[in-house]
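Presented sequentially are two complexes of subunit A, the first with subunit B as partner and the second with subunit C.
Let's turn to the complex of A and B:
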């Protein structure tokens, strides 16, 4: 009997082929198989024949929405920067999306980076994606040469061992605390819908950090980010980071120093996180792609918690809703006002 | 060449001895911040007590930062008003103390020789090279991501190492490759290695598969225009997210930029790692960017390593350590890029 993800792969291939063949879309964004165990390659497929390369498995850890604006642009007829938009509808792009990725697409729509009518969402309910790092940590330095995926187990093989482990135990932290695994936008349903998860506390990891003293949090921050090499993988893998020029790449004026000075590194991470406030869907890509395993997701997760507590909003749940930080309501909390009750309580 | 026999206990004692006179560093295997301010990320200062542990395959961080620190202060100055030296650039006093890097793998040792080609006349790189001794360990085991022999190296290679340790049944034999190696061995009372152990290593070296290097060498003769215009770059550039992870973890990526940083009137001119993956890398003052598109930057990195560098200096600018293969967020595998390039008509 095929596994759930084998069935999903088959459906993705069939639907992608159909959409490309009947001309509904000009490209499909999905995943192809990787060269190492537990890796996958983001893939843009443009011909029905290439659809056989599409796969789906438990290691699809990168948020594909990151590729959506550029792929949409790539299928438009070429034109100069000042040429008018061509008449008639522009070609569409299909994209595989789980809960958090679909919410990123919603944010891209809300922020006018993506036109809703040009996107065909192949909605896949997420069963949680596995952290390669967690699996590797279980095997402490022994090289993993093959991983076989079942619905609930993973068979991990090396040169001289073969062990079966429970899949959920090595699912990424963000997936374990996720409450919306099913896509919020679905044009073509792939596989079975996944029900909302009743998570007693989706912010459990943030709460643990918040309980530390100010000094304790500062110690966590300095230590966690000390190994950053400023490669910006976290930024570049994020579908929310689409500025043509990032503040760290500005040369006139330059906002951030270029070395590994802790002040510069910290500034980059804090500003990056704040730029994602009210927009982040906790897809975990930033943390996953970090070559140093830095847990920068804690910063955005804390901001997600704040936005939820202050404004009752989780990012990307409704395409037609306003963005929490670009709108104003008379009953917005304003603890930052000096004469407001409740202000000043947050000080050290 | 002198070859000695060393037991594991003697190795620990040697590191202790060296740490009394030199700065000794060993790789950090887990995620851990630098243990002292002069320590390169991914390495720790050995100052007594801790024995050396090595993982299979390359060290987590390459040795690049010992020769090409991130950042390196080139000049310092003051901008304080009324200061007699205001605006005068001075070379900072730098430690001339020998640093001994222990636990280096043959791939990384070779990377230093390769980086030395473009940096032959670079005073900073050369000064660092002069004061750094590399104590390496040949690889009795490799990872599935290792491909050093394909790039012209060898898991048993001692090229670029001052001291090369190789495992034997009951310890190591150590080859003293350079004058710096001689200095490290001076005063140590060690037995010479047995002839059988030396010949066993030699035979491992000769059977250690150099054959596949020849296939790749045909790339060096390929016409650049054909490689440059190959359709493969489009899909590769499309999936690349243009982060700098590969360039920063790569032992043979050596690009830098220079900047002045001034804090409260005290200035320093630093040279820091740059990456051809970043748009700012190739941005001209005019605003024009000759590599303004992602695909152009991705192509540049691979063609630099596999075509431009060999055209200029001879060897490929890659030692086959496989770090980029392991850590690329989107699984761009340079081995696949090379076989795709070889297949270009």
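Let's turn to the complex of A and C:
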């Protein structure tokens, strides 16, 4: 009997082929197999024959929405910056999307980076993606040559060992605390829908850190980000980071220094996270792609928690609602203001 | 360092909106209200203009405290600039607290053009808070530390 992900792979291939053959879309964004065990690579398929290359498994950790704006651009007829928009509808692109990725697409739609009518979402309910780092940590340096995937187990094989481990134990932290595994935007349903997960506390890691003292949190911050090499992988893999010139590349004024000084790397991470406030869908891609294993997701998760608690908004859940920071309410909380009642200082 | 000496005075960067808080500061001056001379005022068109980049850049460059002040909610010259700013500042101040920047380093307030006395009070209280915290050390880029590192390398 085929596993759930094998069935999903088959359905993705069939649907992609159908969409490309009948000309509904000009390209399909999905995953192809990677060159190492437990890796996959993002793949843009442009012909029906290539659809056999598409796969789906438990290691699909990169957010495919990151490739959507550029792929949409690539299927448009070439034109100069001042040329008028071509007549008629522009070609469409299909994209595989789980819960968090579909929410990223919603944010891209809200921010006018992507036109809703040009996207066909192949919605896949996410069962949580496995962290390669967690698996490797379990095998402490022993080389893993192949991984076989069952519905609830992984069979890890090396030159002289073969062990079965529980899949959920090595699922990424963000997937374990996820509450919306099913896509919010679905044009073509792939596989079975996944029900909303009733997670008692999706912010459990943030809460644990908040319990520490100010000095403790500062110690955590300096230690966590000390190893950053400023490769900007977290920024480049993020579907929200599409600015033509990023603030770290600004030279006049230069907001953040470009050195490996602890203050420069710290500021980079604070500001990068802050720019994702109210937009981050906690897909965990930044953390996954970090070559140093820095847990920068804590910062965006903290912002997600505040946005939810203060303004009652979760990013990317409603395509027609404004983003939390592009709107306001008259009675937004303001206890943090120095001269407001409740701040403990000179209440009037 | 010399900053550690007993007569240390904090440097506080104040981003004041042109229409309310800056005029409030002006009124405090012409009304002869006394307030500490620790603040360095940067006049901005609106509190909504103050981005997180400016605040963090001031901290990085050695400001011991930050004060951002704008019109009271409902009084914005641009109708809604301070409402947007309020959401952004709430998130920023929580995030800075989360990573361990002392509460009181970065302050926000509303001061209208007619509140000269209140402006003096806000500056007084912010200066006291920052003085109690001592010189800023977190997220301050120390050039001399860099130079020493370079000489060793």
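We take it that the second predicted complex is superposed on the first by the 337 of 348 C-alpha atoms of A that agree within 3 Å, B and C clash if a C-alpha of one lies under 4 Å from a C-alpha of the other, contacts with A are read in each partner's own complex, and residues count from 1 in each chain.
The rule is short, and it goes like this: a contact is a pair of C-beta atoms (placed from the backbone, for glycine too) under 8 Å apart; a residue touches a chain by one contact, two chains touch by 3 or more.
Computed from a prediction, not measured in an experiment: that's the story for all the values here.
After overlaying the two complexes on the shared chain, residue contacts for A:320 are found with neither subunit B nor subunit C.
By the document's definition of touching, of the two partners only subunit C reaches A:221; subunit B does not.
In the superposed model, A:333 lies in contact with subunit C only, and not with subunit B. Of the two partner chains placed by the overlay, neither subunit B nor subunit C lies in contact with A:87. In the superposed model, A:257 makes contact with both subunit B and subunit C. By the touch criterion stated above, A:267 is placed in contact with subunit C alone, subunit B being left untouched. Within the superposed three-chain model, A:143 lies in touch with subunit B and out of touch with subunit C [touch as defined at top]. Look at A:277: by the touch rule set out above, it reaches subunit C but stays clear of subunit B.
Contacts of A:306 after superposition: subunit C is touched, whereas subunit B is not reached.
Contacts of subunit A with subunit B, set against its contacts with subunit C after fitting on chain A, overlap at residues 257, 259. Those residues of subunit A whose C-beta lies close enough to touch subunit C in the complex are 206, 209-210, 214-221, 247, 253, 255-257, 259, 261, 263-264, 266-267, 270-271, 273-274, 277-278, 299, 302-303, 306-307, 310-311, 324-326, 328-330, 332-334, 336-340, 345-346.
Interface residues of subunit B facing subunit A in the complex, by the touch rule stated above, are 29, 31-34, 41-42, 55-57, 70-71, 143-145, 235, 238-239, 241-245, 247-249, 257, 259, 261, 270, 272, 275, 278-280, 283, 294, 325-327, 329-333, 335-336.
Remark: subunit C residues 52-53, 56-57, 60, 67, 73-74, 80, 83-84, 86-103, 107-111, 118, 121-122, 125-126, 138-142, 146 touch subunit A in the complex. Residues of subunit A that touch subunit B in their complex: 34-36, 39-44, 62, 66-67, 70-71, 74, 141, 143, 145, 223, 226-227, 229-233, 235-237, 245, 249, 251, 257-260, 288-289, 291-293.
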